[in-house]
Amino acid sequence: MSVPDPLLVEELSTSPFAAGWPHRIVSEVVPISRQVLYPAGSIIFEQNAVNRDLFLICSGLVGLDMRVPARGNVRILTLAGGELLAWSALLGDGQMTATATALEPVRAIAIDGSRLSDLCQHRPDIGFHVMTRLAESLSHRLTATRLQLLDLYSHTTPHVLTFGAREH
Amino acid sequence: MNSSPVTAPARPPVPENPWLSHTVRIEQIVPEIAEVATYELAFVDSTIAATYQFQPGQFNMLYLPGVGEVAISISADPRSRERWAHTIRVAGSVTQSLARLQPGATLGLRGPYGNPWPVAACEGRDVILVAGGIGLAPLRPVIYELLANRNRYRKVTVLVGARTPEGLLYPGQYADWKAAGIDLQTTVDRASPGWLGNVGVVPQLLDRMALPAPQETVLLVCGPEVMMHFTVKSAQRRGVPVENIWLSSERNMQCAVRLCGHCQLGPTFVCKDGPVYRFDQIAPFLKVEGL
Amino acid sequence: MSTRPTLAVFKFASCDGCQLSLLDAEDELLAVAGAVDIAFFPEASSRMLPGPYDIALVEGSITTSHDAERIQEVRKQSRFLMTIGACATAGGIQALRNWGDTAEFLQAVYARPEYISTLATSTAIADHVTVDFELRGCPINHHQLVEVLSSLIAGRRPRTPTHSVCLDCKRRGTVCVTVAQGIPCLGPVTQAGCGAICPAYDRGCYGCYGPVKQCNSESLGDHFIATGSTPGELVPLFRNFNGYAPEFRAESDRLARRAEGV
Amino acid sequence: MTEARTIRVEAISRVEGEGALHIRLQDGQLAEVQLNIYEPPRLFEALLRGRALEEVPDITARICGICPVAYQMTAVHALEAALGVSISPEIRRLRRLLYCGEWIESHALHIHLLHAPDFLGYDSGLDMAADFPQEVNRGLQLKKHGNRLLEVLGGRAIHPINIAVGGFYRAPRREELAALIPDFEWGLQAAIETARWVATFTFPDFTPPYEMVALVHPDEYPFNAGDLKSTDGRTVKMEDYEREFEEVHVAHSTALQSVRTAGRTSYFVGPLARINLARAQLSPTALRLADELGLEQPCCNPYKSIIARALEVVHVYEEALDILRDYQSFRPSRIGYQYRAGAGSWATEAPRGLIFHRYSVDEHGKVVTAKIVPPTSQNQLQIENDLSTMLPSILHEPDDQVALKCEKLIRSYDPCISCSTHFLKIHREEIPCRPPGV
Amino acid sequence: MSTSAATELFLAKPHLQQLLNALSARGYCIIGPTIDQSAIVYAEIRTVDELPQGWTDQQEPATYRLVRREDNAWFGYAVGPHSWKRYLFPPFATVAVADRTAAGWQMSTPHEPVPKYAFLGVRACELAAIKIQDKVFLEGAYVDPIYRARREQAFVIAVNCTSAGANCFCTSMNTGPRCTTGFDLALTELPDAFLVEVGSDSGGEVLAELQTRVADVEEQAAAERARQQAVSQITKRLDTTDIRNLLLTNLEHPRWAEVATRCLSCTNCTMVCPTCFCASVNEVSDLQGDHVERQRQWDSCFNLDFSYMNGGHIRNDIRSRYRQWMTHKLASWIDQFGSSGCVGCGRCITWCPVGIDLTEEVAAIRGETP
């Protein structure tokens, strides 16, 4: 295990994910984390592929696309700095539900999902902090998705009759 | 170069008959997005044109004789002296009929009415404008005002959400606004092919923003009620005080002069106490379904 | 002028009163006739042009299998199909058969009932085809008809008042016959449009314009019972010209069950 | 080999309600004439059973939107007969006034919008308005007067709401009726002009022998009182109506028809019958005008019904003005009554002719049986007979001309098919009437 | 002589006709109580014979009956189905007209003659109601010209209540039954006379033309007893303690749903209410659409379409509409106009076809009744 990158420690501890955590917990997570960079246009992971990393986006925009039969790739969400990506790496079996593409140069912290999971399992204090932040993030995501579902800007076009229209 | 700020004009003399409209002519119709167009209106009577002033956030009653009247926010530059822009979406009888008119046609206009956006309260502060859909129209006069006196305000951010990229209002002006020192971000609920920008709802843009001085940040929100609700929640979570949050509300508007009773929202009349409210003034009533 | 919308008037089981309302708009009739192209209106004109039509006014309810087919054809030929009156909108007075035994009804009226072709029910046009707009009334009000036609000619969606008869009574200064005289009146649950005539003539409203939106017929029925009416007496009050409109139907059925002690 | 020719008018226009005409010829000879009424049955007589007798005027009005008052008047009189109610002279006068309103609106409609176009060669009164604006507008004004009178007195023109067993729910205030007087004074003059105008039309030479029947009263023009008189000299009391007239199935016909019981012959009702039988009771102006216009006495040309109708309009304007000028509001507007089991029948004169109702009621005020014979039912066999008489002389003409001439003849009767409570298309198949679950 | 500042004058009963004559001579159209449609309504009257002499009204929730009094009092009733707002804020009025000209639409104000009304028989609660409507129509940033024109010309003759109806609760609202302000003349009825109080200069001028004299002490005492009788007959109460906050903090109270099972949303309460001022404007045009009148008519928050917006209804059930009406009347009115919108006349209780009693509803929200 290499010496912790001080920049990584700084980045992680000021991120919304780990902000406010006790140092001892951050320092447990740092060793299983690494900085990653994705050039614009590159694919971070593919739908249905297995990905073992949980990403904490530091900067840049990531598009999440889902394949829909007959419609191709549909972008369902974009994520940006401060947001979590690929939570299935921690909660699921690592199979990704969407394809993530870097729409801009993306800088992120990748946390090894299986080791984080182990850590959470053995260290309930770490588990509590990680899962709380994950739950918050998911809760926001769920609210946002609900708002999207509400289709707030749609409106039914009134029945317009076009014959005999007269100028006023 | 700065021009003078928009000061509250001396209240125009109360008309003898508050229902009486002035005749305005459609000078130009600018198609914006699907079913939305901006109508540039000019008073036929030049003496009225000379005295007519409005403040950002106020609305006019546009009247099509035989069809009816509708409240439309003024989306013009508050310094307009000849033409007053109204961005209108086809939604009901009046707007349907308006959509069939051509430049040169006349209609009635009375106003301006209602409480304006608190432009003075924005001075020296970070300003965030959040607009959803057609909600950008009532905020556009504020943008004109902020741009005209850009140095009076600190960071100015405009967050615009729409259903689709095609639903983003005034796209042709974004580059100018950005060039003039506004951080403008857009997001859509549903991406179209080729859209490379944000996908997601507009409160998420606010979530991502760095708010270095939330206490010194003013938030002006206009859009569907639910969108405003979540935007305000997000801002409150980030520490923006309720007294710095303003939003523009909507109700059935008939007289616009607090005489007909239609537009009540809790103990307020939207035509008189709104449409722009300080959030804490109506917060308890926005929560109640069917109020 | 070819840009004038074409108008057609179709009749099903009815009394003709609603289409007559158009001819009763004496002051506006010639103007209407100038603003639309009357393509099919047998009651008024021998000229009967084939469809399609821009505006179809449909009077009457569906009571025969032939009419059930004919309305499909009318729908196909019509861009904007508007029902006029209680028969077309709710089945009309002839929908009373829907609660009875139509075969027995026929026997009561005709010496040779076996010759008669009819359905057992009288149903609204909307039960058969999509209806774009319903103009209520038994009969419709010709001012409303002209207003709706004007709005269609002008290309806007027609709107007619959706408030209760009570509001119109109060506007015209009529004293409530239920409160002041104890006369059961359907005004509170009936849609306005007639001009609130009956109470102005010292009698209760009998619901010519059908149920007002979100009407609370049950509360009204219960109140009449609490103030001395029997459920049985109230059944026919709800079960008449618009008796088969869902809200009135539910209330008359509820009262009928109460009358029977169910 | 025989050659068959069939002429059909699928929808007779400018009549109220829906009917068709089928003419079948066999070897050039007229084989069958059918006035085919396809107005769907609405079963009023059945659905009246069990309803409160107070509802009868409201419900029977819905038989016909053109002449609802005729149904209401006949119903209330028949029910009053069943209950033993005598109405006051004030109520009687108001009822005459109400009938004036209906006659004006119905006659003005028929003359100007439905019938005159036949004489002047138009598809409709609306088309005719382009060339005869003054006449059509005058007609609309007259019609409007009739409707306004119905509105003041009845609450509304179609299906009035103020007609009660025993009288009126509310007697109008004096001012309400007095406000109509200026219009009616104008209307009387306009009605005279209309009569003079229609008398100038060219009438086909067609005068079959008719038995005409109308209600005749010694002191008043036929409305809602009197005895039934026939041009054959007989007089029938109202209560004997069902002995003298009956509704029958005729083998070759598609509809129920009312006939003289004796001999099962047709008879003629309506304006022409009334003028022929009660010319002396016409108002002074109408009577003078009848003489001025040279209307024969008796007149047996059905096409000249339009003149009779126009004279009746003059009459009712004059009568209405008399009533309006003398009117004072009164109480009670409605005579009280006790329920009792019984039966009553009555006949009145609808604009288009005699109408008859009979009801029996129980001691709780509920209808037990109802019988309604509308005017068109009484004229229908006569119309068919007329067609049979006329057709041989025009059969050489093309089908469309034959059809048009038949339609014109039918229209002169102002048939009101909607009120054919039991006119139907009969087909010889039994259709089960009870669907599952009912 | 009474210590009261106002001197009461004695007017023999038959001489009330002199007052009507004096007002007619001044060009007033006199509106007063009279019997029509089985009720005491406000309509144009010319003589005192048209007053409901010897009649009274018996009121209960959803019930109003005209009954004979034992005496022949001329003003011996409570309040009827009509209120004066019918005359000051007419149910129909044309607010503007538009005409299509070669130069486009021209909008103008219709100039209709303004009726000059004298109101006879205005009760204390009704004076309070007029005062409330004054605030609505005259004291905001915008003035209603129709109301103003009528109001400015109106001559008000108040009549003190000497009896009260079962639905009266003016004492709870501090609006009566004594007429204290807002009238030109105020009468108190005695068996054979009226004691008259002058409330304005024009009232004094008119009164000067009548045959009056100063009332003696006994007469004044009798008048006071008569007025006190009304106070003692009032049994209905509405507890107004902190009512604004009570209602505005109970917007989700289960009682709203309960009352919605009874409420017909028929608008009767709002129509008979002497202070309700909601209206809507309709376009009335000829078929060519070249001449358009904008017609204002009474509207009600109980109408579904009242809150129509963008294809939906904000108040889409009876619960929210009843809540809107009652919270507006009793609570948010205070925010808007500085006083309650209720004057305690009880009309909304009498004329509700199913007898909903707002005093009971308030009590229920207070938790005072089951």
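Descriptive notes on the structure:
Going in written order, the chains are labelled A, B, C, D and E, and every chain counts its residues from 1.
Note that in this section contacts are C-beta pairs under 8 Å (C-beta built on N, C-alpha and C of every residue); 3 or more make two chains touch, one makes a residue touch a chain.
Quick caveat: nothing in here was measured; it's all calculated off a predicted structure.
Common neighbours of subunit B and subunit D (chains touching each): C. Looking at subunit D and subunit E, the chains in contact with each of them are C. More inter-chain C-beta contacts link the pair C-E than the other of B-C and C-E. Relative to subunit B, the chain whose mean Cα position lies farthest away is D.
Distance from subunit E peaks, on a Cα-centroid basis, for A.
With centres taken as mean C-alpha coordinates, the chain found closest to the middle of all protein C-alpha atoms is C.
Computed centre separation for the pair subunit C/subunit E is 37 angstrom, with centres defined by C-alpha atoms. Rounded to whole angstrom units, the spacing between the C-alpha centres of subunit A and subunit B is 33. Separating the centre of subunit C from that of subunit D, both taken as means of CA atoms, is a distance of 24 Å.
Averaged Cα coordinates give subunit A a centre that lies 59 Å from the centre of subunit C. Counting only residues that touch two or more partner chains, subunit C has 35, 154-157, 202. Shown for subunit B are the residues in touch with two or more other chains, namely 65-67, 91-93, 96-97, 100, 105-107.
For subunit A, the set of residues touching two or more other chains reads 155, 158, 160, 165-166, 168. Residues 151, 154-157, 159 of subunit C are the ones touching subunit B in the complex. Of all residues in subunit B, those touching subunit A in their complex are 35, 64-67, 89-93, 96-97, 100-102, 105-107, 132-134, 161-163, 167, 187, 189-191, 193, 195-201, 203-204, 207-208, 223-224, 226-227, 230. Across the complex, subunit D is touched by residues 11-21, 23-24, 26-27, 29-30, 33, 38, 41-48, 60, 63-65, 67, 92-94, 96-98, 100-106, 108-122, 138-139, 194-195, 197-198, 200-203, 206, 208, 236, 240-241 of subunit C. Residues 11, 14-23, 25, 44, 63, 65-69, 91-92, 105-108, 250-252, 254-255, 257-262, 264, 266-269, 272, 284-285, 288-291 of subunit B touch subunit E in their complex.
Across the complex, subunit B is touched by residues 61, 63-64, 72, 74-78, 80-83, 103, 140, 143-144, 147-148, 150-155, 157-158, 160, 165, 167-168 of subunit A.
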